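Chain nomenclature is as follows: A, B, C and D, assigned in order of appearance, with residue numbering initiated at 1 for each chain independently.
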Amino acid sequence: MSGSIFGKMFRISTFGESHGAALGVVVDGCPSNIPITLEDIMKNMNRRKPGNGQIGTTRKEADEVEILSGVFEGKTTGTPIALLIRNTNQRSGDYGKIKEIYRPSHADYTFDQKYGIRDYRGGGRSSGRETAARVAAGSIAKLFLEQLGITVTAYTRSIGSVMVEDTDLHLSEISQNPVSMPNNKVAQQALELIAKAREDKDSIGGTVECIVTGLKPGIGETVFNKLDASLAYAIMGIGGVKAFEIGEGIRAASMYGSEYNDGFCVKEGKVTKTTNHSGGILGGMSDGSDILLKAHFKPTPSIAQSQQTITTHLENTTIEITGRHDPVIVPRAVVVVESMVALTLADLILCDLGANIENIKKLYR
Amino acid sequence: MSGSIFGKMFRISTFGESHGAALGVVVDGCPSNIPITLEDIMKNMNRRKPGNGQIGTTRKEADEVEILSGVFEGKTTGTPIALLIRNTNQRSGDYGKIKEIYRPSHADYTFDQKYGIRDYRGGGRSSGRETAARVAAGSIAKLFLEQLGITVTAYTRSIGSVMVEDTDLHLSEISQNPVSMPNNKVAQQALELIAKAREDKDSIGGTVECIVTGLKPGIGETVFNKLDASLAYAIMGIGGVKAFEIGEGIRAASMYGSEYNDGFCVKEGKVTKTTNHSGGILGGMSDGSDILLKAHFKPTPSIAQSQQTITTHLENTTIEITGRHDPVIVPRAVVVVESMVALTLADLILCDLGANIENIKKLYR
Amino acid sequence: MSGSIFGKMFRISTFGESHGAALGVVVDGCPSNIPITLEDIMKNMNRRKPGNGQIGTTRKEADEVEILSGVFEGKTTGTPIALLIRNTNQRSGDYGKIKEIYRPSHADYTFDQKYGIRDYRGGGRSSGRETAARVAAGSIAKLFLEQLGITVTAYTRSIGSVMVEDTDLHLSEISQNPVSMPNNKVAQQALELIAKAREDKDSIGGTVECIVTGLKPGIGETVFNKLDASLAYAIMGIGGVKAFEIGEGIRAASMYGSEYNDGFCVKEGKVTKTTNHSGGILGGMSDGSDILLKAHFKPTPSIAQSQQTITTHLENTTIEITGRHDPVIVPRAVVVVESMVALTLADLILCDLGANIENIKKLYR
Amino acid sequence: MSGSIFGKMFRISTFGESHGAALGVVVDGCPSNIPITLEDIMKNMNRRKPGNGQIGTTRKEADEVEILSGVFEGKTTGTPIALLIRNTNQRSGDYGKIKEIYRPSHADYTFDQKYGIRDYRGGGRSSGRETAARVAAGSIAKLFLEQLGITVTAYTRSIGSVMVEDTDLHLSEISQNPVSMPNNKVAQQALELIAKAREDKDSIGGTVECIVTGLKPGIGETVFNKLDASLAYAIMGIGGVKAFEIGEGIRAASMYGSEYNDGFCVKEGKVTKTTNHSGGILGGMSDGSDILLKAHFKPTPSIAQSQQTITTHLENTTIEITGRHDPVIVPRAVVVVESMVALTLADLILCDLGANIENIKKLYR
């Protein structure tokens, strides 16, 4: 089954293993005449990079992107855009010892069960490194959405038990701290938690939140192909995500209708809602309010503590996974969430409004 | 965009409005030679029916299913199976007054924004009635999965604040109470909560949980088309679902790796895990453990309390939605969740193992 | 594999066997607000009906269509349109004797090889009767195209060796003779040929030609999903078609570039071509000229002459297929070709211009 | 619309323009554990190369392929296989003068109409150079088919009026002449015709035929997704193909049923047919006989004779296209036809038999 292709009209096909020659993506279906520069892409790639030693892996990933096709004189041409990212800093030696062991909470075992062969030099396609191609592709989707005045903004909402409360959200601070939290003070607490986890040879989970503004009503479909279902598919397809919420999310299940329902009202001829518990989606279609969603990530699976596991020969054993691993994946995942949301929206907008950028712009306004 | 088709190989195409002539579904891609009777389908349809006056709407929906094609001498033939459900008990008169009003938390507004036309006699395609076709199709998927020894079991985990705790789960009691809870005593509390909500002209949300047993390792894909992503898409596509969890779900975000990771172990030559925080999925592929997922539903949107809203002419107004409405949708949604999970698994199994039932059976064992 | 679904955005899902309860189709993705009446559909259905005893089978197929969903107050709503056609005139008794015989040039043998079960009462899904659902769906596609000023006209170009020459085409005569030929005189010769074939217990093939006018330039894609490739897929998917040509077709292979190439010229500010050897398609995209294509049909497989064949128990035997069979399928296939062309164009137009009819109309002009 | 992705389960995504940085393809869905070397790929790439000065362009295209992912220790891993082909020998200078002219029979005009932007340095995505990626991908499909004992063999059947007759076919001679004809003597005549066309500043069309052996019965589907329809889609998607035939093809339209029908017979317990007019397909499914198909190519559009055309500013003008152009594309297209047939078969086999190579091998025998 071809599981590395995403989208229906704005379609991406990714490739590459953590320890192979290269990763990359082909974007097929991007409208023509969208201005694009390598800097636009690198700006997002850099946000995905491991941070300083404080929180991330000490691996250096240059992640230089090369545009191979689909761009002419600084604009997309409507033909497939291929983006190439060479792997330059793999240390396969680090991984030799896991050749014959199934790491807990990794995909080693399921990979062998499914394919009967596995690139044991790392996570292969299941490595977080795979998301580099998503971010490269997402950059292009975001450039397209920008043309329509749509913004997609993600940030770290919580790391472990350290969470930014609703009343403490300062979106302007997201870029001011290494964990991409919308609150520098809470970010400091998160950094301490991460440092402690690293010291304990442990790892920790967290939550990414994402807001979309500027989406007009009616994007998405009524039955299976709902906007929320499509976003859930996109987000749950990111490695390590264990839960997805839209609007009130889980809290909705314990609310009364009289609390939950968003009233409509008209102000100065414009339709708004008194609240936005729905997270901007009604009946699977955007309702013109902001889209609000959350992605909940499990802790990074690789920890240096001793864990019970088995060998590929089905013998019981233990493993301590040393090496350059992130104690928390969440800050680097922020731009990945943004990318998948942007790719989903670009795809659904094309489904609704067609493939011609001039036409879409007219229709969108 | 054709949003009423679901699946890649085991594919369903549903149709029908709440107040039209009929609902139904075409199942294309179901393997041949699977024994099937109308009773198999009706057994599931009956679970979706409104209950007694205690919890559900007083509407009577016979939901008689007619098999139009694809079945010969009691077996599927491999050709499309069309199932027809005539609408027999619509009272369009009830809905006349909502012709020119957008009901809060319903899809009336977004429908008009997207299509510029709306069957105002009811929810149309956005009505919960649409799920009848999913349940009919899901019955066929479940018959297919039964051939492979796979079971799919859903139940009500919570209604409002009334929840069955992990330690109180008795799956044998699910069918013994009108809210399909795996605990008769908690079910009684839930019924009281529902009665109170009805009395208050209010509605209430809740959570459905689902367990899959018997799925062999390796089903699902590594990157976008992950098993968990596919399940999330299927579940978030059910009307009213606002959050999806797999395994530990949201809790994973506040856990440490040392707590969360499931150790592997070998017992009598068989691979198992010491825990199942992952919910049976690693790297997007089934790991041989039980699949565990949760669907969180918002409260039913139609309530008899007065709500602020607008007319189709964009004037502010209020509405009290009287008529035959469920104060809670969750108990009826249990079999819908089961159906969508079964359809997703059937589709992914065909993607992996092909379309021939004899071959699949051999491969599956 | 789900082989009974066609299209990407304007998508149809057909069902039904020749001797089952019913045939039908679900059209998912048709834009909203397109006026539609049952008469529009029946007009096409009637063209597919067996003619008088002179050329067609003596079976009577009422082919009454019921609209089950997706239409409200005489207009499409954007939701799936389900169309139902009950089978009323099957005589299964006629087919009992072929239960254990594989008919030459039919799909009995391949059906059994693929599915291991076969509805032996007739051709099942391989029966020409399956095309009734295509014609019903095609009617809707044609109504959509009419909104854009696009016309699709097919006719019989040849039956056996009797052919209408380029210089003798009179499109106004198509509806004036029972073989749908654009020349009444040639039609008379064709009728004589058919009568002779029937007398000889034989059958005969023929060619359907189709012209599309009003298609603006740029519909279709450059690489795999070319307009000509999509049309070929649609046409070769009609039972009995053995060859497909676009523009000059086969003749192009023996032409020189200097003969074949169509010069461009500008007349009164409008781009035209000096010739149309390309059949209206350049690089997979419509070029604004008329689309011209041909579908070549093999002779009807059922003949009353004795033929060598085998039983389902793999014994050699002979068979004479008596009963109500068309000696030629071509005249009834004319509207089927038209339908598949219309469905293909509707789908590709939606891919390019989006799903909103008001927007498409604006963009189209 | 994303027109550069082909296939449903064995899926390829191609990219690259004639005068960009590179061409390439991502193959997603290829089963794991298939032995593969760069030589396997280059063997096919070399067959696509321009021949000696006698027939082909004098451009030199090294077409060195780099495997970027999906292969580990000489075997496919089941993950996407990315293949990269750098452009090394473009002379953009040659093309400067066509920046503002629409070449007849090329896609310049339709490209501008569709996308509003065009890489005027050559054919861009509409260049024959695009087929390099198809051939690279097709090599992998052929390696997969080899595992099942399926062979795909294409050759030049005719060039202009020079054709190899049925009675003169010698498949062993295909590789012995520069035009890939199965008859060295006829090949000599073809070479003379080509030389004459070149001398006359003209080009010429031709026909490629393809035979598939070893395909078991039941591959393909009964209604839309027929094996012949899928092959037609694949072949008509090759630039320059104007007609597609399966089995008797066009001749079927003038045959009688008594001539055309293939009788079944059983010989030593094995089912065969007395003839193979159907070209190995019945009811859209393979019947166990050889698949026989033909692709008819138009003459190469670029000729040095003066042609009437228009500028991008819609002024009438003339053009003489000098430069390094093939007077005939057919001999180089032989391996392209083979590749598209192989890709189609690989895809349909996976749809039927699943994605696991060990399972497919078992099922196939």
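Everything below uses one rule, namely that a contact is a pair of C-beta atoms (placed from the backbone, for glycine too) under 8 Å apart; a residue touches a chain by one contact, two chains touch by 3 or more.
Just so it is clear, the model here is predicted, and its values are computed rather than measured.
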{"item": "Relative to subunit C, chain with the most remote C-alpha centre", "value": "A"}
{"item": "Selected interface, C-D versus A-C, where C-beta contact pairs are more numerous", "value": "C-D"}
{"item": "Approximate Å spacing (C-alpha centroids) for the pair subunit A, subunit C", "value": "45"}
{"item": "Subunit C and subunit D, separation of their C-alpha mean positions in angstrom", "value": "27"}
{"item": "Per-residue multi-chain contacts in subunit A, two or more chains", "value": "1-5, 8-9, 14, 79, 114-115, 125, 222, 351-352, 355-356"}
{"item": "Sites on subunit D touched by subunit B in the complex", "value": "8-9, 79, 222, 350-356, 359-360, 363"}
{"item": "Complex interface listing, subunit A residues touching subunit B", "value": "1-6, 8, 14, 102, 104-107, 109-111, 113-115, 125-126, 130, 158, 160-161, 197, 200, 202-207, 216-218, 220-226, 228-237, 239, 241-250, 252-266, 269, 271, 274, 277-279, 282-288, 296-303, 305, 307-310, 314-316, 348, 351-352"}
{"item": "Residues on subunit C engaged by subunit B in the complex (per definition of touch)", "value": "1-5, 7-11, 13-17, 20-24, 26, 28-29, 32-33, 66-70, 72, 75, 77-82, 84, 114-119, 124-125, 355-356, 358"}
